[in-house]
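Both complexes shown next keep chain A, but they swap its partner, so chain B is in the first and chain C is in the second.
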Partner chain A sequence: MRISVEQRLRRPRWLTVVVPVGSVVFAFLVAAVVLVATGHNPVSTYRQLFDAAFLQNQSIDQTLIVATPLAFMGLAAAAAFRMKLYNIGAEGQMYMGAIFGAAAGLYFGGRGGPAPFPIAAMVVAGMAGGAAWALISGVLRAFFKTNEILTSLLLNYVAGYILTYLIFESESYWRQTKGFNASVFPTGKPLPHSAVWPGWTLHVQGGLTFPLGAFLAVAAAIVLWVLYKLTRFGFEATVLGDSPRAARYAGVRMRRKVLAVMGVSGAIAGLGGASQIGDFSHSLDGDPNGLQKIGYGYTGIVVAALGRYNPFAVVLIAFLLGGLENAGNTLQGPDFPAGLVGVIQGIILFSALGGEILSRHRIRVERRTKRVPAAPARAPEPAA
Partner chain B sequence: MKRRKLALATLLVVIGAIALVFAGAGAGRTNASAFKVAWIYVGPHNDGGWSQAHDDGRLYVQKMLGSKVATTYKENIAVGSQFNQTVASLAAQGYKMIFATSYGMITKQLAAKYPNILFEQATGTDLSKNLAEYFGRAEDTIFLSGMAAGYASKTGKLGDVLAFPIPEVVRHANAFALGAQYAHPGATVRVVWTHSWFNPAAEKKAAQSLAAAGADVIGQNVDSPAAGQFAESKGLPWVGYDSDASKFAPKSWLTASVYDWGVYYLKRVKEAMAGTWKSGFYYGTINDGFTKLAPYGPGVSAAAKAKIAAVEKKMKNGTFYEFQGPLTDQAGKVRVAKGVKMDVLKGGTNSLYGMNWFVKGVIGSPKG
Partner chain C sequence: MNNSLLVVLVASGVAYGTPLLYAALGELLAERSGVLNLGVEGMMLVGAVMGFWTVQRVHANSGITLTLAILVAAVAGTVMSAIHAFLVITLRANQIVSGLALTIFAGAVGLSSYLGNDFNLADVPASHTFHALLPSGMQSLPVVGPILFGQDILVYISWLCVIAVGLYLSRTRPGLNLRAVGEAPAAADTMGINVTAYRYAHTLAGGAFAGVAGATVTLAITPQWVNGITGGAGWIAIALVIFAFWRPELCLVGAYFFGALQALAPQLQARNINLGPTVLWTSSLPYVMTILVLVVVSSGTARRRLGAPAALGVPYVREEH
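Moving on, here comes the complex of A and B:
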């Protein structure tokens, strides 16, 4: 018997539904073994997991708190990965967006003027901050052919140190310096009320608040979809990703595209950073135990891969993963170690990503048949 | 075809078996009428230091009050949106009291959003109707542990692994240095910052660099025992912090200033259950049993133990205070005049909660 994996020439529609669902079911079965081995009841654990993520009162409200940044980070990664430009720096670009966004909020927030202005300023500043940080890697790639994976990854650490420096090691504009409390522990200056982003509350599930960031993330997904599906820009970027040589023959300007796509990617990540400040923390958080510890930017890469770089799928996946994350937090405690939560989340993510191979490839099992003298030589496999 | 059918049948049997095994196994275990209290930790609950000391306190509460309370913890929680999500989830599950064990976690605005939950935060100063703050005089016992370090040092060159350049850590480092100098006149303490409460890799690296700079005793104000494990491998004496971590470095272990949070937790939870809870600022002392010295390791001599015990006795009856003037800073300037005792909150940078300068003999910058 011979087992071979070969690329599918055509991808049937039903596979795009069956494979992810099957992967998740498979993951739950594998995780059940782990749960049983550690003395937990899989059925009640899964029930708790779904309750905490999506079903019980206020669960979706909590899920959105995690899903919103994941959607931004997933979109940022997807925007660049589509052109095979591997921007791993969404994390750092998010910090920069947070820094710029917080500055705009602090500056314009206390100055009167029409209400939406400080918030609009934060959105613009956050995008500019993220884009600028991403363009460092963009310029290095476009003009010096420096690998963007390395530069964008390393710049994450630089951005993290800047964040720590602004709150912990300097009396910067972002740091709260007034009052005795400020000397006890360094904290960010709180945003003026007019710069706090609004949320829209639906009275279902005991209160479900959509943060402004959630709407902006969906808007960003629509813009990305239009950009890649309906414009020449998007078409050229896709071609450039698939075959740089063909694109060059067709007259696509490589450097411009790299800079533009890096900028778009960074701007989305930066917007996510501004949303962290405006929607959730309301002050710049420089603590390595805060924003820097969660690593939304890195999880965003997984989100993008699971969504196959399709903006709407990315938003959906961000929501599901946000639920998983939220449920994990609710589940962990004395009876359920945080490490076990991580193992289960890992199994689910691993199966979901691993299942992808089945939608692109098929496994063929050939049984060795008795040699018949007249059998023709095996037909050559179609070129992959 | 046959094989496919077989596979299908196997799958069905497996699913059926799993369903059978777990059918009927109930989910609900907690007593519905129990008073629900949660603790939130910045690191793992078994970090061998800060968070573990808090979790010991939680277990003490659970043991003393039994089925009348249901306690839980959330570990490794990042400050910011993840923290908000955690509090929202605890509120939705009916938790009535939350102990946040790291400053910067709970703001007055957050406390105001959940008026029915009683919040308590360690090491901070923000107070509101449903937000209290608590901590204790670890500086006293850190001074004593510094004495043990001073007696163990041959060269008078010590090292201290520190977390953040903030008054809490600066004051603890100063107490450590003053204790070392009390035992070993002229001793110096070199400091390295890790910029994290819990980061074993950075803590080990910091200890390495201190040893390379000539420190022959290592102290710390971070949460993990990584510096101690490094010290053990090099045969250097080590002073821990927060919890008795002697098992991580049995030969190197001298002692540590440790907290007994359980005493305070039990009192507050009882008050909350009785409806007599009031917000306030608690600063526990060695006399409350809130801070103490962990059991000594093999490297502390009998003579050193006797001297430490003598100072401890004076601390308890109020005739000794390490932060009493004259205290000079690194540049040799007298910061606290002779006979003046530093207050906890009053006195700006000359208060325990505002101290942003190192005493003489500390090598390194208090700004990080």
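Moving on, here comes the complex of A and C:
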């Protein structure tokens, strides 16, 4: 008997659904093994997990708070990965978006004027901040062929130090310097009321608030989909990702595409950073145990890869993984060690990667025919 | 004299550079076989947490415990790299995405953090740590004392590893076969070299080195467990392999240079030297310098990526080449 793996000529439709679902199921089974091995009961752990993620009162509300940044980070990664430009700096680009967005909110929020203006300024500033930070890696890649994976990742640490520095080690514009609390522990200056982003509340499940950022994330997904599916730009970027040589022969301008795609990817991450400030924290949070500890940018890579870089799938998966992450935060304690959620996410990603082979290849089991009296010890190699 | 900033920086550069060196040597072996593993940071963290756990749980004399801890860390790193090896060598998954997945799975928000929390390892000092090996008379010699003789045994072993890897790659048959596998797997296959076996073996060896690198951090440099303690060292190690043009002796030079940069921030702080926003620029320096050196290496005369294995990142499938 011989097992061979051969390429499928056509990819059956049903596999595009079965593979991700199967990956998730498989991941939970493997994570259950980890749980048992470290002395936890997987059934009750998982029940708690789903309760805290989606079923309890206000759990979806909390899930949205995590899902919104995850959707931005997933879209940022998807935008670049699609062109095989591995921007893994969404984390740092998000910090920069938060820094720029907070500056715009603090500056314009205090000067009166119509309410939407400070918010619009924050959106623009956040996108600019994220794009500028991503373009460092973009320029280095386009002009010096420097590996963007390493530069964008290393810049995450630099952005983290800048964020900490602005709140903890300097008297910067972002830092609250007045009041009793500020003298005890360094904090960010709160946004003026007019710069706080609005939310829309539905009265189900004990109140469900959709933050403005969630709508912006869906809008960004639509824009990204249109960009990649319906425009020449998106087509050229996809060709460049699949076959750089073909793209060069077709006259695609490599440098411009790299810069544009890095810029778009960074702008989405930066918008996520601005949304963190405007929607949720309402002040710049430089705490290494706060925004920096969560690592939305890295989880965004998982989200993008699971959504196979399709913007709408990314948004959906951000919601599901957001639930997982939210449950992880609420349940954290001796029964539910931190890091478990990362373990589950990692296994989901591994099994999705492994599952890819099922959708790209067919596994065929061949039996040797009995009529051949002396089968050769090894099947002859076909001439390549 | 032995307390001058320069001597202290070089001496601590050697100490801080040692985990970078171990990790870079491991990555070098994997990349020479054609497998890019971006999971170094995650493998280091799992090695770091498991090494620390061993030291806290095993009650034996210091030497045995520490040897055991290094072994456990190496095994932990190997297990992590096995996941990557299976995905990219057998299943031919995308090496970049799989490596990133490994870092997410094992890293600061994943398995290493889970194990650290579950074993309650945070906020306790290590029960046994590596100390300077040689007699104090030798350590107090001017200049060479602290730099060469004031180090722990892991530093000396890392020197042996550099020599061993260098000789392996240039003077032994398996080493030459390894280079063939990384440069031209189809040709190597025709010569009767088992490409899959070589790739597995060296990816796993890379994991073992990364695990030891992690344990060096938690048992020699900062003897404690803190979530995400390696702070990006795994990524610097990957960059180091590129600057070193995939050569072990240059990995050593680069590792000590970046080690010294990492030592700069605490040293300046300890000496109360303030140069502008010191904390900001000294802590960012290793990362920024890594980027700058990468730019220099990847552009200009070195553009053709001297020494990069030609098949790096490309899965090998017989009959498809």
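The rule is short, and it goes like this: the second predicted complex is superposed on the first by the 320 of 384 C-alpha atoms of A that agree within 3 Å, B and C clash if a C-alpha of one lies under 4 Å from a C-alpha of the other, contacts with A are read in each partner's own complex, and residues count from 1 in each chain.
The rule we apply is simple: contacts are C-beta pairs under 8 Å (C-beta built on N, C-alpha and C of every residue); 3 or more make two chains touch, one makes a residue touch a chain.
Treat the numbers as computed from the prediction; the structure is a model and nothing was measured.
Novice: Of the two partner chains, chain B (first) and chain C (second), which one does A:299 touch, if any: first, second, both, or neither?
Specialist: It touches chain C, and chain B stays clear.
Novice: Scan A:169 for contacts with chain B and chain C and give back first, second, both or neither.
Specialist: After superposing on A, A:169 lies in contact with both chain B and chain C.
Novice: Once the shared chain is lined up, is A:338 touching chain B (first), chain C (second), both, or neither of them?
Specialist: Both: A:338 reaches chain B and chain C.
Novice: Would you check which partner chain A:349 touches, where first means chain B only, second means chain C only, and both and neither mean what they say?
Specialist: second
Novice: If you stack the two complexes on chain A, which partner ends up touching A:330: first (chain B), second (chain C), both, or neither?
Specialist: Once the two structures are laid over each other on A, A:330 reaches chain B alone.
Novice: For A:206, using the defined touch cut-off, is the partner it touches chain B, chain C, both, or neither? Pick first, second, both or neither.
Specialist: A:206 contacts chain B only, not chain C.
Novice: With the two structures laid over each other on chain A, which partner does A:44 touch: chain B (first), chain C (second), both, or neither?
Specialist: first
Novice: Using the superposition on chain A described above, determine whether A:150 touches chain B (first), chain C (second), both, or neither.
Specialist: Touch status of A:150: second partner only.
Novice: For A:66, decide between first (touching chain B), second (touching chain C), both and neither.
Specialist: first
Novice: Give me the intersection of chain A's contacts with chain B and its contacts with chain C, in residue numbers.
Specialist: Residues 169, 294, 338 of chain A touch both chain B and chain C.
Novice: Spell out the part of chain A that touches chain B in their complex, as residue ranges.
Specialist: These residues of chain A touch chain B: 29, 32, 36, 41-44, 47-48, 52, 56-59, 61-62, 65-66, 69, 164, 168-169, 180-181, 183-187, 190, 206, 276, 279-282, 285, 287-291, 293-294, 326, 329-330, 332-334, 338.
Novice: Going by the contact rule set out above, which residues of chain A touch chain C in the complex?
Specialist: Residues 34, 38, 81, 86, 88, 140, 143-147, 149-151, 153-155, 157-158, 161-162, 165, 169-170, 294-295, 298-299, 301-302, 305, 337-343, 345-347, 349-350, 353-354, 356-357, 381-382, 384 of chain A touch chain C in their complex.
Novice: Show which residues of chain C lie in contact with chain A when the two form their complex.
Specialist: 38, 83, 87, 91-94, 96-98, 100-118, 227, 231-232, 235-236, 238-239, 242, 277, 279-280, 283-284, 287-288, 290-291, 294-295, 298-299, 303, 318-319, 321
Novice: In the complex of these two chains, what residues of chain B are touching chain A?
Specialist: It comes out as residues 14, 18-19, 21-23, 25-27, 42, 44-45, 71-82, 84-86, 88-89, 92-93, 102-104, 107, 109, 123-126, 164-168, 195-199, 345, 348-349, 353-354, 356, 367-368.
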